[in-house]
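Same chain, two partners: chain A is paired with chain B first, then with chain C.
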Partner chain A sequence: MNTLITLSILAIVVLYLGLFKAKKALLPVTMFGLAAALGLAVIEWNSNAVPIYSGMMLFDNFAVAFSSICIFSSMLILLVSKDYFERISEHVAEYYAIIIFALAGIVVMVSYHNLSMLFIGIEIMSLSLYILAGIRKKNFASNEAALKYFLMGAFSTGFLLFGITLLYGATGSFDLLEIKQYVISNPTIISPLFYGGLLLLIIGLGFKVGVAPFHFWAPDVYEGSPTLITAFMSTVVKTAGFAAFLRIFLICFAPLHDFWMPPLLVMTVATLFIGNITALYQHSFKRMLTYSSVSHAGYMMFAIIALGTASVNAVFVYATAYSIASIIAFAVLILVKRQTGSDSFDSFNGLAKRNPFMAFTLTVAMLSLAGIPLTAGFIGKFMMFSSALSEYHIWLIVLAVVNAVIGIFYYLRVVVAMYFKDAERSIVAESPFFKVVLALSAIITIILGIYPGVISNLF
Partner chain B sequence: MNQLLLILLFPLLLTVVSLFKGSAVSKWAFAASIVPLLFTIGLINKFVPDASTQFLIDLPWIPSMGIHFKLGVDGISMMMIILTNLLVPIIILASQKHKYSNPNAFYALIFFMQAGLLVVFTALDGFLFYIGWEAALIPIYFICALWGGENRIRVNLKFFIYTIAGSLIMLIAIIYLHLQTPDNSYDIASFYKLNLPANIQGWIFIAFFLAFAIKMPVFPFHTWQPDTYTEAPTAGTMLLSGIMLKMGIYGVIRWLIPVAPLGFSEWGQTAMILSIIGIVYASVIAFTQKDMKRLVAYSSIAHVGLISAAIFAWNVQGLQGAMIQMLNHGINVVGMFFVLDIIIRRTNTRDMTLMGGIAKVAPGLAIGFLILLLGSVGLPLTNGFIGEFLLLMGVYNYNIWYAAVAGLTIIFGAVYMLRMYQKIMFGELNERTSLFGDIDLTEKAVLLILCVLVIGIGIYPNPLLHISEASVINLIEQVNQKILVK
Partner chain C sequence: MENVTQAMQGVPLNHYILLSAIVFAIGVMGVLIRRNAIIIFMSVELMLNAVNLLLTAFSVHHNDASGQVFVFFIMALAAAEVAVGLAIIVMIYRNTHSTDIDVLNKLKW
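So, the complex of A and B:
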């Protein structure tokens, strides 16, 4: 709980730092504050948490794990942001503050114990993101992204809110445990209102995590936003969205799986195919990453389909692996784009000769996203496949394998460009912060790939 | 320290060292690659050729999912370790002539692949087996795609996607088997104990078979192979054909048939027929090749087809033949590609119709080539003979007609191989071949080692056959019991 308070205070402090033009202090203060928030989250591990604030929130192990990984990924992203924001805007403090506000919303999203808190958390996060998407005020694409995101987001929030209302109408409570009680005690006569609410909730959450057919905002918004914000949205925000999704299903809706299974199965398969096949045809690395992030949402849906205690582990490992690898990809993309001015695959040509270290870390990231063994991404996929197979969704797995193969195809393209094609360009300058982030992320990816026991067995 | 662990970890150490080693990495790499071979000799000395699994390593890896780092050696694995650790130094010695750009990465990848291969050949845990399987694939992809010929990018992408698709299907089968085990385990012994219904075993068989058939390759999953062999750098071709395709054969012996015996009794015949079609098909295509590398690539499909047919016959002669022929094929095919590399490097063409008369200017090469070629076509007193004899006997015991068709491989092989030899070595010298210099010291050394192996194993194969015999008999017995009970 202290995490949430720390984050809120930190955001305000950062805003004031901006007011007093203390630009040099921004990054250190932010990093220090986030580290403190991370520490405060971790010490609550296994503290036998009980619901707090009249049952509004519950900072259990689930919440600790997902807040920690979200905060940690944000720290990596902000480290890369050194002199990135300065290039796009005068008002650097805004970026830091809004990202931290979004994180505060995320902490609420992963620790809610009451549907109203789910709504509040999602709204705090989303409002921050609308601003972040459009923060390059004079850039056309950025404006388009913000407007699209805002309209779609508002729309989906409507669904979400309506869903919550219907659930309230059926059960008479916003409290997750009360809803669970209702489901368990009325196995045969569940009100149609409840089913309606559940469906609308799925639509609302599906919008937020970007699963098909509610994904179409994602590529444009991701592409239009500044690259670091895209990195934030496609890693931290997606992780938080899935945590929220999983939390309510795990606590409340598990007994009703006969009802929600068919729509979720359809959504998952559609997400996998749409994400992967569209990614295959992209010429821009950034756009490829955005579509691939749609497809990863499909893999993460496996955990909800095969709902059980193993699901939390699976989502946690998958989200960690995916976030870390994506951060590498976006970080390298920023550097390459800064040099060549373009984010097409061709701008990566010959990178291995000029910047072997950068090329190596990006290769590790791509192999991880493609799910090749000895990287964290493989362990994530392996756990997802295991959990889905344990529920005997054999056809789903076969389709997932087809998609994994398609994925390898486009992830290797950038590796091919870096290692096997040549281009006359100068060396890409990388600051020490970049090196630290890239090295750290690559090491985490490989360690998790070789010895996943560190985090695969938390729950 | 467990000797097996030493053998596994040493190549990993070499990977790291060769990445950071300064100059003269290629000579150093050869010297270093001898060390695992010496360890292997030590291992053979301690090895007791009975059916038991020895040098067992069993460490918890991901305990919550029942995954163990479990490896061990029996007679079958022993042969594969010998194959790997014997061929890697030869391959490295054979690549000394090439001036590869960035040699550190090149040798590091070879050593990494060696480690992956050794894990595959000794793993007793399904998850570990899969990890090793992919860990061997990634380095060879980079070797072939970084140092290969013109079309390397397209060709290797096909190869990579093909094999990964196969292995992902295998992964599903492995996870499925794991979920059926009562003790939440990936241990191969638990997989063996499962008594799944016949139709499920049929699916398991198909899933494993796809992965292994793509790797070997068995007709009709072979389409990646000739292109990849042709475009790969010589060391890559040698690694692929000499060692890597044996992963598929080993997988059939260790995993496919014993894990799904009822699936085998249902689909084994189909697999065998595919193998035999492959033999004839590849031989016929080999006839028409002008490109020498492609010709050997197709001949390799034919040879491997015979090995796989004999395995699906599932009797002692066939399996023992497969064990020794895997080693022989490794030696012969590495030798063939080495000789072709010498010729191609000096004439700058792979087209054998443009050559002629090389025997006159390079008598040393001509002798070495001839011995390797005779080994490859299976002349008595060469290593190929004992292998193919046992293989054909295995197929004969299964079905005489299959053996008759499969036996064509020997006749076909002799024809296209000798025809190639004739085109390259005899006839008139032309402007391409008249300046052909005979082999130098390193090349002589490689050829000498290979020829000694060809003749040595041909004359006295018994020690090698003895290593795997008990394990093979045991495995066959185990599977046959399950099939008979049904």
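So, the complex of A and C:
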């Protein structure tokens, strides 16, 4: 739990650094604080956690794993942010502080043991994100993204809350264990309120993680926000959303499998097809990545459909692979866009000749997102599919494989542009921070692809 | 006053559920139909207040205080949301001189 305290204090310290104009100290202090929070999370691994704060939170292995990966991805994203925020704003400290506040909300989201904490965690995170999406005050796209995100987010919070209320009305408690007790003790006479609450909860969480048919805000918001914030939203926030989704289903709703399975199945298949087919038609690399993030949400839903002890591991590996690969993609996009001023596929033409290292890491990332063997993405997809196979959803796997093949087309488009198309261009300048992040992410992607045992047997 | 409390407790739980569901549905319709950002925002608040009402009713029904405490959390976070939301709407108004969400079509849906 020290992680949460460290993050909250760190955010306030960073705000004060901004107040005293200590711009040089911002990045080192943030990195040091996040590393401390990460360390404090990791040492709680296997510590036989019990619910703390009157049963409000439980910092078990699940929470440790997901807060660690979220903090680690944020560190990579913030390393890339060197020079990025300075270009679009004068108040750099705000970015760091708000991102850290969002991380504090994420830690609450992945370690809740009471529905009120789920709500508070989601709101702390979402409110920070509304600000981050609209932080370029004069930029019209950023304004539009912020308003759309805000209205849709507040709307979905309403559904989430109504769902929680109905669950409370049926069970008389917000505590996850007591709700589980209610489900187990009277499986035949569960109140209709409970079923209604469960459906509304699925709608609310579905909005937050962006699965079809509640995904329509995602492409606009991701496209309009500053690229680095998009990277944060589509990696860290998505991971946290799925962790929260999985946690309540694992603890409370597993016995009601037959009830929630059909709607989730429909949502998953719709998400896969809408995400992948729309991504095919995009001309902008950024917008393609946003649709691909929708389709990856579909793959991650597999773990919830085939709910079991293996699901946690599957979501963890998949989220790690997806986050690391997306960070590479967004980092390269930032550099290319800075040089060419455009984020279309054509602006990647001939990149391999001038920046072979950058092109190579982006290729690794694209292969990982497409799920080609020897990359982390393949291991993630393999674990997702095998957990679904063990539940005999053969036709679901067939549909997913069809989608994976569609995915390969649009992921390889940028690789083709980089290696096989020529264009007059100069070398894209990479700062050392970018090189470190790109190299580290590419190495992690390949190592996880070759030795998946490192993280695939954690739980 | 005593009579009023007793009369309120005499209302069956189903009536509270129905009332909240109706208010919530009005809020949802408002979000979906109205085009003005501020009115959409008011409709969202209506949804949250329907939830608050239902939570209090359940709390009395179960004789359990945690439902009412949850209402305080919702109120506090709704206030935070208003602060951020109105700031965003003001920012948009400065750039476009309108709070109509149909102006916001630069990013294709």
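Criterion: the second predicted complex is superposed on the first by the 459 of 459 C-alpha atoms of A that agree within 3 Å, B and C clash if a C-alpha of one lies under 4 Å from a C-alpha of the other, contacts with A are read in each partner's own complex, and residues count from 1 in each chain.
Everything that follows uses one rule, which is that a contact is a pair of C-beta atoms (placed from the backbone, for glycine too) under 8 Å apart; a residue touches a chain by one contact, two chains touch by 3 or more.
This is a predicted model, so every value here is computed, not measured.
With both complexes brought onto chain A, simultaneous placement of chain B and chain C is permitted, the two fitting side by side without a clash. In the superposition on chain A, A:Val398 makes contact with chain B only, while chain C stays out of contact range.
Once chain A of one complex is fitted onto chain A of the other, the partner contacts of A:Ile408 are limited to chain B, with no touch recorded for chain C. Looking at the shared chain after the overlay, A:Pro452 reaches chain B, while chain C stays out of its contact range.
Contacts of A:Tyr419 after superposition on the shared chain: chain B is touched, whereas chain C is not.
Of the two partner chains placed by the overlay, neither chain B nor chain C lies in contact with A:Asp343. Within the superposed three-chain model, A:Leu127 lies in touch with chain C and out of touch with chain B [touch as defined at top].
Of the two partner chains, neither chain B nor chain C is touched by A:Glu44. If you count the residues of chain A touched by chain B and by chain C, you find the higher number for C. Here's the short version: in the overlay, chain B gets within 29 Å of chain C at its closest Cα pair. The touching residues of chain B, when paired with chain A in their complex, are 61-65, 130-131, 134-135, 138, 142, 145-146, 152-153, 157, 160-161, 164-165, 168-169, 171-172, 175-176, 178-179.
Interface of chain A with chain B (complex): residues 367, 372-374, 378, 382-383, 385-386, 389-390, 394, 397-398, 401, 404-405, 408-409, 412, 416, 419-420, 451-453, 456-457. Of all residues in chain C, those touching chain A in their complex are 17, 24, 27-28, 31, 37, 40-41, 44, 47-48, 50-51, 54-55, 58, 61-62, 64, 66-67, 69-70, 73-74, 77, 80-81, 84-85, 88-89, 91-92, 95-96, 101, 104, 106-109.
Listed in rising order, the residues of chain A touching chain C in the complex are 116, 119-120, 123, 127, 130-131, 134, 137-138, 140-141, 143-148, 150-151, 154-155, 157-158, 161-162, 164-166, 168-169, 172-174, 193, 216, 219-220, 223-224.
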